[in-house]
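Two complexes follow with chain A in common, the first pairing it with chain B and the second with chain C.
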Partner chain A sequence: MAAAPITAPPIKPYPVIPILEAGAMAGTKSFPANAQIQEALGFPGELVEDWHDKAIDKMGELLGKYRSLKVYLDACVHCGACTDKCHYFLGTGDPKNMPVARQDLLRKVYRRHFTWSGKLFPKLVGAEDLTKDVLDDWYSYFNQCSECRRCSVFCPYGIDTAEITMAAREIMDSIGLGTKYTNEIIGKVHKVGNNLGLPGPALEDTLSSLEEDLKEETGLDIRIPLNEKGAEVLLITPSADFFAEPHVYSLMGYAKVFHAAGIPWTLSTYASEAANFGMFIGNYGQMQKIATRVREAVLDLGAKRLVVGECGHAWRAAYSFWNTLIGPFDFLDPNYPVPQHICELTYDLIQRGAIAFDKSANDKYVVTFHDSCNVARGSRMGGMPGGQFEIPRAIVRAVANKFVEMYPDSIREKTFCCGGGGGILTDDLMEVRVKGALPRMEALQAVVDSDGVNFMATICAICKAQFSKVLPYYKFNMSMVGGVHQLVGNAIRLGPK
Partner chain B sequence: MTTGTVFFALLLYAATLLGVAGLAWRIRDYARTPAPLKIPTTPAPTTTGGVVLRMMREVFLFESLFKANLWIWLFGWMFHVSLALVLARHLRYFTEPVWFWVGWVQPFGMYGGLAMVVGLAGLWARRFLVERIRYISTPSDHLMLVLLLGIGISGLSMKFLDHTDIVSLKAFALGLILFDWQPLPAHPVLYVHLFLVALLIGIFPYSKLLHAPGLFFSPGRNQSDNPRERRHLADWAAKLEKAKL
Partner chain C sequence: MPIEVNGKSYETDEEGYLVNLAEWDEDIGKALAEGENIEMTPQHWEVVNFLRDYYNEFQIAPAVRVLTKSIGKKLGPEKGNSQYLYELFPYGPAKQACKIAGLPKPTGCI
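On to the complex of A and B.
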């Protein structure tokens, strides 16, 4: 059957909660991982014969390891506060994309097998056996969640659907049901060191051609060093920064910042990836294995500081989890936070007057800022709660004259996911991605109409890739999206002061 | 001793035992289950004091729910605050002499009873009227509201319509505490009221009423945001780390 062309839902002048369309997205499934991909990660190659019992056992194991899972499965009262908060629900109208309904797919099986009420009175409390149909629903809908945590902001008990999705994906992986997109990428990181599977020599070529571009643009020898021992900073950045557009402009922006501030820095081939897709599948071991490359690289290169480039979930993994997974970092310079976000570094330099800007270089832009979900709701920058909102905005204001905010329910902790996070950024889920972007596109349309916004800055590789692809569906120019350090790179004053 | 007295005395003991023991078991279980990663919903307080404040705002003001939906917040908050007042008012049956503040709170407890029923009715109406909430409601979601409404309405009708002998009732209540049983007034509405209350206490730890202790154990709300400053390591993760070295 030929796939129908995907069309974007109409943009409305104000947000409208859709009428339920049961089953609308049930058939939209991420491509399953093949046996080779699965087995490379130590998962079964295909759905195991005794999948039911294995899945229930795994659920029991996770309930003993994660308090979040246990409490969140128990605590929900079906109050409905989260029902209109998920961008995938708002874009698709499928009721199983409401956070509570998505959770209930797992919760009903939990109740059936792990609670007295569900064992004794299943119908009464909405408990159900894990049938093949339920498993199919798991595969569809737990792979239509970007783990963005927006629902958790509004839940009176802080129930975080991301934790439920991660558990469900871990259960599915353990019985042989992984997704091609995420698991193939994890395999590449283990093998090559980055999500793209870009080998060392190719990376070297790419970076030297970028150095040539920088020379052409500025007339200066701005370096993008690789594997340089003894550099002060090891920068860990998403591999998309090495060649994808608009990501690469941010990489050149970082290079200019380091150059202007005179900070010796380096990238690493071995740890040429900030992204950590182990988080998407909720697998502690995979997450740790990916992060361990970073620890090994920083020790090997003898760097004193660890800095992370523009990537949302990577910053959550780095900020919130690295110390747990691969810490302690007592061998690094204690005068700087470990790890430090590139925005923290740049902001600090601005505060100290170590770098300066010609803001008029960005006068062609009216800029708005899209908060990336994992930065907004899963991490922090600077010393104060909410620094993750203030610092990138302060940078944008420092480098551009025209800055406009989108409407309050779509920014900061209430920001809408781009629609491509959490392992959804794959062509086989294009329909989910296009529809899930609707709330952000509506907020963007409003400031385009009111203020002529023509640039949406963000600090996430996935946001950048997702918007580049999805903006045209909504009749926007794909180059409207770019990084904060792209703007920094445009405006920074280089050369002698 | 009438059959009614014996039945209700035993029922209330059994319900309390079931409720308290079950709750203790759940809380122990939550407390012993590790939280291996730092996952507060940010922006989050960076200190324990800040976390206590955040938690108090959630417990007393329903801060997150307020951000989410004003109608649910209004009915939900009204119900919970009213229930607290009603419970405070009921302390007069268990204290002799009645504590000063319990005497003071009596009229508020009465209004609380009325507001509680209004709040519950509002919450129940949403389960019929709002399509999204109708979709997620299970029979037990409805029955829980029916149970609470039944308790509220039976209680109010003893106040406003069909009085029971509250002096004997108090003797019965104190007798339960002191293990010195006194006769319970044979009053049908009171029987209904007590039966439903016993049911509520008994099912507390086996139902969604676990949201009450659950909130305190929710990592999204009870963790401080300081992963860079302090290394957070669960036991099983530490063992994993040791095994690798």
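On to the complex of A and C.
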């Protein structure tokens, strides 16, 4: 790219709170969505004239709708526990990337308009008017939050910055200030059925090419069925699984699992996307419209089970929101979780001895596992506390001999975001992405040095794309990242038992 | 921000992708490649031409694996992998080669 080269911050042997650099990231802004993109989602095409009043009205509407938002805006005592917990702050040193400071960008306007003390004595309580400068800050810093919720784990009140970021983005969209990356993609899902804008014939061509590859690799007719009515399982997976590397290796891994277990399955053209960027922009209507395609597809195809592929926030949307967005699912088989994560499905098959592995197939790898934020902090697996941590690890251990954990404060519920989640995975925010990856890269470097780790497994399309891009900035090989089902696909025993 | 090629001006978007796909010709491709610091060789053109053919048929760029397979068939199996494509297009075959081919940027979690 023609822009100035981005330099990754140096990797330190242990985490250090950076020296503050006020305003360091103020000018780093995601490209705004143009009128065409905005209007396709029913948002104003450009900043509306009476944006101030509209924004305050919208804030009032959201406060009425989401009690959580009001609680989060009221409850903060500025104790500072969150300040050094955000990967974007740790990577950039910009104090407005401290979670509390990010929240305060919204909180100060909330206080000015929705609290009596802020209305009467604004200066005493840190209340401020929504000026154009404040709005500029909103656009910069609420688009430098990946809604990963790590800060909320450390907050004594459990304040969830992601909810505040979502509200801010929702307010901005309502006055005509959206980001190109998220909103163009949402438009493509409504129009074509997936984030890529991959039309049906191209999907069909891609899948048949992959079936050819599987045949060449295994000598077996391993299918990746599309739109097959009456299949037991409908798999909803991120469209990146069709398109990109390393994602596609996981897709081939899922196909091998279904083949080995003899489970009839299908993908859908109409619902060819697990991702739901409606969540990233905090817009319930968009989220519901995207999810509705899944309900329509499962009814149309007559599948009995809904399974979700390796996509972090999709699993949060599916696990935590589908039932209210597009439920009830009383027509699906109650003997299985609704919805079911592909890791739950594979783990169950392993437990029952229905699939087996040659672990030596992964002996070239020393594997570590990167927990994806929306799985770790926004959902669960296996119906037990911590299942979302244990199940993917149990799969990795079942398919590979060498597994090493990164340091405890960087995994499980304290996992660091990859740096690209929540609508940040765009080239125009590359500086944010590279710097925000620092804490994960430091944790990775430690196990590379101590144990020779050379593969970081994960279950999220965004994590895979983000790491492929930023690993080289930290002198790692981009192919060090891949999916859990990539490892499964390497080791699974196929053919007649 | 438009680019100038042979005295004519062509509209590109904020990321430098050609706005009107129909305007593309090889000279524009070369100019776009120059902006990416890439010197076009016959191998580069092989990729770019495949992308354009595929796009004409399917209205989207090919998946990386579809692309590598086709390049492997044309240029030899040792070149049918994404590592080779990254040597040609260091910023990533999907995005950088699409830009040079005058195609829209692929979007999503890629």
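Operating definition for what follows: the second predicted complex is superposed on the first by the 494 of 497 C-alpha atoms of A that agree within 3 Å, B and C clash if a C-alpha of one lies under 4 Å from a C-alpha of the other, contacts with A are read in each partner's own complex, and residues count from 1 in each chain.
Going forward, a residue touches a chain if its C-beta (ideal position, glycine included) is under 8 Å from a C-beta of that chain, and two chains touch if they have at least 3 such contacts.
All values derive from a computational prediction rather than experimental measurement.
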| item | value |
| --- | --- |
| Chain A as common anchor, with chain B and chain C clashing or fitting | fit |
| Which superposed partner A:462 touches (first chain B, second chain C, both, neither) | second |
| Contacts of A:157 with chain B and chain C, given as first, second, both or neither | first |
| Touching partner for A:239 - first (chain B), second (chain C), both, neither | second |
| Contacts of A:380 with chain B and chain C, given as first, second, both or neither | first |
| Partner chain in contact with A:265 - chain B first, chain C second, else both or neither | neither |
| Superposition-derived comparison: chain B or chain C, residues of chain A touched | B |
| Partner chain(s) touched by A:476 [first = chain B, second = chain C, both, neither] | neither |
| Touched partner set for A:139, first chain B, second chain C, both or neither | neither |
| Vertex chain A, arms to chain B and chain C (CA centres, degrees, nearest 10) | 150 |
| First, second, both or neither for A:209, with chain B first and chain C second | second |
| Lowest inter-chain C-alpha distance for chain C and chain B in the superposed arrangement, angstrom | 24 |
| Shared chain A surface residues [contacts with chain B and with chain C] | none |
| Complex contact set, residues of chain C against chain A | 14-16, 35-36, 58-60, 62-66, 69, 82, 91-92, 94-95, 106-110 |
| Interfacial residue positions of chain B with respect to chain A in the complex | 26, 29-30, 33-39, 41-46, 50, 58, 62, 64-65, 67-69, 72, 76, 126, 130-133, 135-141, 143, 203, 206-208, 210-211, 214-215, 217-221, 225, 227-228, 230-233, 236-237, 240 |
| Sites on chain A touched by chain C in the complex | 1-2, 31, 180-181, 184-185, 188, 194-199, 201-202, 205-206, 209-210, 213, 238-240, 242-245, 247-248, 275, 311, 425, 427-428, 461-462, 464-465, 469 |
| Interface residues, chain A side, partner chain B - complex | 17, 19-20, 63-68, 70-72, 74-85, 95, 98, 100-101, 104, 115-117, 121, 123-126, 149, 152-160, 163, 284-285, 288, 319-321, 323-324, 327-328, 337-339, 376-380, 384-386, 388-389, 413-414 |
